[in-house]
């Protein structure tokens, strides 16, 4: 069994944004030499997501508006208990649950075994700080 | 390490529906000969889901109503930016995030290691077209 | 390839609660002897979740309130079709979809490869009964 571990680093200059990280994951799979296996890609921070969806800017704007509606930003500690800790990012912890922490993607014949529109995104919900994504390849 | 890859094809004759795919996944696990390992089952399309929940028709009706409330269908391009591309399925991209892209299931002694009620479903949110699900078994 | 399977048992004395199970997962990884691999941790019941987020009591109160808003408890069989089966837990099946069934965590140099705040939680949405979580370690 082969294994490869990569850490990607992000510092998103806005509170919420989505970034396509498919090329970095493809590169890690290539570097691993794995022909048949799995790759796990996960946010290492709990106010961020890794998810698979469409690489379409309009949809990303829809995600922002929709998540803001499902779990609105509200720094008031009377609204979210978490914000009594001095944080103001309770909404980001909720948004990340909707979008998910991780994806697991099949590797077949040395490549990400993807459908026609699948792309991997880093989702930031509490930016302006450095965060990491883990890429773990296992297989043979 | 053994690996097996299967593609399941669906063409759901309605916009939204859920289909039990547990038998197909069980068959792939059997065919792989894997005794201890993992099976990844994922939608290869970004307006569809694979998830694990109850095989109960009433609950599936509840899922439909609930998802429609959380992320309503609305072809109006003034409502969803994604629909300015000529698509009308922005809601389906959002619904899929709630229900998830994939499941990873343990294989123990050659079988899906399931709790009493766990069943695997394909969830369609933008039907009337052909779509695929990937089943990837790895282990020994 | 090495594999280890563990079952954790819970009997939560309330309808909804979150319990930190990181120590039990760490112990399973240690016992497996796996240095490089993956660990799958999943709820074996369909009204419960396993997820990764912050070990902060205020945030857990926020999760409870937020999930109750997204998918309210309502035993009335006219509200949720699932409750026509004699059950009253349709809301718990919906809440579990938001929080997720499972997490997959990388094992690097024999340890959970975690970011600074990541902790694994069991999420109960229909307690007062015995339920199980599966921990499956694979790797080398």
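Note that the chains are named A, B and C in the order they appear, and that numbering of residues resets to 1 at the start of each chain.
The criterion applied here is as follows: a contact is a pair of C-beta atoms (placed from the backbone, for glycine too) under 8 Å apart; a residue touches a chain by one contact, two chains touch by 3 or more.
This is a predicted model, so every value here is computed, not measured.
Two copies of one sequence, chain B and chain C, touch each other mainly through non-matching residues, since under half of the numbers at the interface are common to both. If you lay the C-alpha trace of chain A over that of chain B, the rotation comes to 120 degrees, to the nearest 5. If each chain is reduced to the centroid of its CA atoms, chain B and chain C end up 20 Å from each other. In chain C, the positions touching at least two other chains are 1, 38, 70, 98, 100, 104. Every residue of chain A that touches chain C in the complex is listed here, in rising order: 1, 3, 5, 38, 40, 42-46, 70-71, 80-85, 90, 93-94, 96-98, 100-102, 104, 131-132, 134, 136, 138.
Per the touch definition, chain A reaches chain B in the complex via residues 1, 36-38, 51-54, 56-59, 61-63, 66, 70, 98-100, 103-106, 108, 113-118, 139-140.
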